[in-house]
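Both of the next two complexes hold chain A, though its partner changes from chain B to chain C.
So, the complex of A and B:
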């Protein structure tokens, strides 16, 4: 065997991952990606003596397994290797990261640009002030630069447009401003609670998603099976976070097309949702809710009563507002056929999550690699066909309604809280594990490797935004530059989640 | 048109009338009160993820605290978090809460520069810069503008350009990659200008204080006018901090619940 198959949250011995030569490694993984059911959830490298060990994780959505393979290559004598990305563009972000961190040279990578200017990057001469933008020499075209600091209250990133009049021909996005070195801190901070706090701050709008990925991963390394009440709380919290963010995004979308009524109403509808988080766990964004091995936020009958009340009032007002908004031709004119990403494009660049589903691409970890209690759901991903801003608007509404339904059904049978929390064993030595979670934006992947003492040796984090930023650049091509804000908001990608 | 009015009618009154006395629903971790009960202080100091707890006397530094609640969970007889959300201060030392002390945190009037209330008393324009912020404080700053909190009623609002701003509102631990843009933004704000730090990451660096990807040199150069703690800071903490700084005491209606 040139690879090993694992399930989501299954820890294996690192030694069980076969090491194959680079050309076989390349052929195996690029061949996998030619099949629609497969996609790359993580591909990374780490130094092992004088070699670079590469590990590639390819998820098979039909079978619910992840194919793990690896290779060891020498890079210290300036060798160059053929790239995966030249065959499938979807690998581009992973290979750019490996190139940036370790100086691995590729003979044929189509877009070998800096990814995030991490503090420990290989080439320190490559700095955030000298990013190699694509340039066009033309008397007729002009460039527009925006950021890193934007007009609103949002995170920093630099956008460079090449326009012909009002029309965008090309957009290049330069990120890295938010780089805080989280992956390295996950290793240097030794206490569980420190790592918990770090996981919560990977992306403050996806606190629940990332902390579940961290908790599930950690428990798998410690061979701990969470009790039903722990999984129940995690599942509800994840769906609740989805409702909160989708509602907030609908508000932001309305504001960007100057539809004040929608902006205000959806904006205020987000408030009861996050205030319910506050009542349940003491924080509006769900911080300190999820930890490995314990249930900090028992879901009781009283909690259920609060949720029911909030959901009932929310849904009435939400539907009234949504129906109104989608009946207005002046709104539809701004959203329909704006910022299209076709299904082919979305597959080519490896899009994930809600945005991929809006482009008719059925990627949903809740269905394909269920974690926590999702195997009980028979979850049916919501799919839209057009890939435009309107599809990404509709899908938010439908996913909100779906999540409300799930939570309602779920609350029929609330598992009782476990009397006593079991102590977590320390993680086993020389292990590898991987955890996938379908957050509100899409697929989150955390990976960890332990050393011979059972200490963390490597921690890799992937936010769905890593895949999806390229989708935004494709979406705005040939659109008017005035439509950029609404296109951007329709994806609402994370800067810090990308930059880590 | 009629359906628009119907929608408006169905929302009811959403705005919180009295932002200075509104109550936060549910569990809220605001200003902690530390009792004089004897506990294993070493264990208490050790358990805190962000080194916010010191001993002799036992104290919590709200500039470092992540409000995770772990200390109160393990030592409920020693530490409780009250629902008091008015925890902003204009001196770094005032964020340190000692054991046996249960007094509200207020801004030190002697440290508020005269020009602040004189010039910005009735209008304050803010320029927000996220420098490694995780988008949680950013969300809550945004929420101060929504119809519930509606901070603009006090003439305090966020503006798009530093050239229109009176104050810079910084979130995040300040990454190396953002150090330069942050400085450029600060320089572009006309004098006199105010610096406000929102959230634990901005005030102390939080979990990132010893990360090699962080560069906090900017903060050593200037006097900080306002610290607004939280992880993230609650909109009511933010609004009350700003109102205290600009000495805006609007009509107070008692006992209003939210």
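So, the complex of A and C:
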């Protein structure tokens, strides 16, 4: 056996993961990726004595399992290894991270550039100011640099365009400005509440998604089975966050094409959703709502009544606005056939989540690796075929309606709160666990390893943005440079989720 | 009395963009700011000093003033009611178009002078759109000159007769062309989005990214003046000629306010065009002005 199969949120002994030699490791994982149902959810390395231990987690969407395999290699004598990315580009971000952190050299990596400039990176000479951008030698082409200071209110990132007149030929995105060292802080901060707050601040717009991933992961390490009311609250909160963010994105999309009515109406519609969050858990973004082992936000009949009322009013206005917007020719002219990502591209670069589904690529953790209460309903991922900005707009609307339906059906049977919260045991020693959550943007993966005393030894976080930033650079190719903002907004990727 | 037109245009410029903003606010469900707020902002900017980048030369410094001066000179050519403009001579509409072009030229070289990649992009877009709008304006004015036999603004518009249905049709088409030219020249929707914060999608705004303080105030105020100027052309050319001043002043004011509200409504309910559709859209104005030209040829009997 060269690998071990686990389920989502299943903890295993670290020693149970077989260690195989690097070439077998490479062949096994790249062979898995040639099947469409498999994709890489996490691939990382850590130092073990004088060796580098690599662990690769490949999810199988059909069977709902994750194939874990590992290898140990020596890197201290400047050895080079063949790369996974040369065979499947989807590995590129993971291998760039390993190269950046440990100095692992690859013989044939196609795009070995710094990823996020972590503080303890191997090569301290590689800094954000000397990032190796792709250069052009041409009289006809010109370069446009945008950022890192954003023109509006969002986060920093540098975009370097190579244009021929108004047409974009190539875009390179350099991130890393938001690096805070969250993975290291997760280990050095010992209190549960500190870690909870760290998980909530991985990406400010995916508070619920990341804190559920963290809570589920921690509970699996502690061998704690969350009661039904805990899972119920988590599921509702996750769908509610999806509705809030999708609505906000629709508003931002309208603003970017200068459609004022849509911008203000969708913006207005997001407010009652996040205000309901405030009423339910005390924070409009859902901070401190989810923690391991307890239900901070019991869902009662009164809460359900408020939710029904908000959802009823929301859906009426939302549909009216959306119908108006989707029937305006000037809007369709901007959205249709803009920023296309084909299905082949999306599979090749390992896209996940909503934007992958807009490119006819069914990646949905809620269906393939259900967590919390998602196994109760037969979730059907919404798929769009064209992969353009309009598909990503439509998918948002349809997912909002789907989430509203789910919450409505869900509220028919509200589990009663458990009398007494069970205490969390300390995590078991030498364990490995992995948690997948379908946040509003896509698949979130948290992964943890404990040492022999049961302390956290490694905490790996993967936000869906890590894969999907490359999709943006492909989407804008051959588009007009003035369509870049609306393409960017249609993905709405997280800078800090990528930079950690 | 020749200064009456100039005075009215300056007064209108104080509240024109304010009305546009207010209309947009009301249609998006907000209360909106005072209609004099844009003017307050300009006054605030005027009292500030300017910051110049070390890489820019004297061209960047003189460009805003020349741009402003060109707009003022153009306004002086506009007739009001039965009055001629402050200047009036044969073929003054050619002078009108090219004095505005001089202002625009300096705006463009000023933007190029900063060396920023954004501003060059904006400058190229602005130059392209002005270039495409120019034939429409000249075919329109040429047709009017042919119809009336005069070649100056005031003579042309004093002697245009509204007698037949066909002349109403011509005037309606001409009004449409002038409104769209005004939108293009002032960088409003659907060609340019003046509200965006995204440099990559801007046309006019991106050219003035480096301007600050007094210079920026001048540019903003010149834009307001230009808007009021096009409103004045619409009002003076078609509605007020020959009327008594106590009729023409209210007509002027009402037309200006309606024009501002129409601009606000257009901007509230549609999305901006895709950049490559803009050229097509602007060039379509030329075809419309050709229709006017052919109709005029029919009317004067030179078309066999």
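As a convention for this text, the second predicted complex is superposed on the first by the 500 of 500 C-alpha atoms of A that agree within 3 Å, B and C clash if a C-alpha of one lies under 4 Å from a C-alpha of the other, contacts with A are read in each partner's own complex, and residues count from 1 in each chain.
Simple rule for what comes next: contacts are C-beta pairs under 8 Å (C-beta built on N, C-alpha and C of every residue); 3 or more make two chains touch, one makes a residue touch a chain.
Only a predicted model underlies this, so the values are computations on that prediction, with no experimental measurement involved.
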(message) With the two structures overlaid on chain A, would chain B and chain C clash, or do they fit side by side?
(response) fit
(message) Tell me the contact category for A:333 with respect to chain B and chain C: first, second, both or neither.
(response) second
(message) Tell me the contact category for A:142 with respect to chain B and chain C: first, second, both or neither.
(response) second
(request) Scan A:268 for contacts with chain B and chain C and give back first, second, both or neither. (result) both
(message) Quick one: is A:431 in contact with chain B, with chain C, with both, or with neither? Answer first, second, both or neither.
(response) neither
(message) So in the superposed three-chain picture, is A:471 touching just chain B, just chain C, both, or none of them (first/second/both/neither)?
(response) neither
(message) Students often get this wrong, so check: with C-alpha centres, what angle lies at chain A between chain B and chain C, to the nearest 10 degrees?
(response) 60
(request) Classify the contacts of A:259 with the two partner chains as first (chain B alone), second (chain C alone), both, or neither. (result) second
(message) Quick one: is A:480 in contact with chain B, with chain C, with both, or with neither? Answer first, second, both or neither.
(response) second
(request) Going by the touch definition up top, name the partner, chain B or chain C, that contacts more of chain A. (result) B
(message) For A:178 in the superposed arrangement: first (chain B), second (chain C), both or neither?
(response) first
(message) Rounded to whole Å, what minimum CA distance do you find between chain B and chain C in the overlaid structures?
(response) 6
(request) Please identify the positions on chain A that touch both chain B and chain C, taking each partner from its own complex. (result) 151-152, 261, 264-265, 268
(request) Could you pull out which chain A residues touch chain B in their complex? (result) 117-120, 128-129, 148-149, 151-156, 176-181, 184-185, 189, 191, 193-194, 196-198, 201-205, 207, 248, 261, 264-265, 267-268, 271, 275-276, 278-285, 287-288, 316-317, 320-321, 324, 494-496, 499
(message) Can you tell me which positions in chain C touch chain A when the two form their complex?
(response) 24, 27-30, 117-118, 120-121, 125, 189-190, 193, 195-201, 267-277
(message) Could you list, by residue number, the parts of chain A that touch chain C in their complex?
(response) 142-146, 151-152, 166, 254, 256-261, 263-265, 268, 328, 330-331, 333-334, 338, 480-485
(message) Residue numbers of chain B touching chain A in their complex, please.
(response) 3-4, 6-8, 10-11, 14, 24-29, 47, 49-50, 66-70, 128-143, 146-148, 158, 160-161, 172-173, 175-178, 180-181, 185, 201, 206-208, 211-214, 231-232, 234
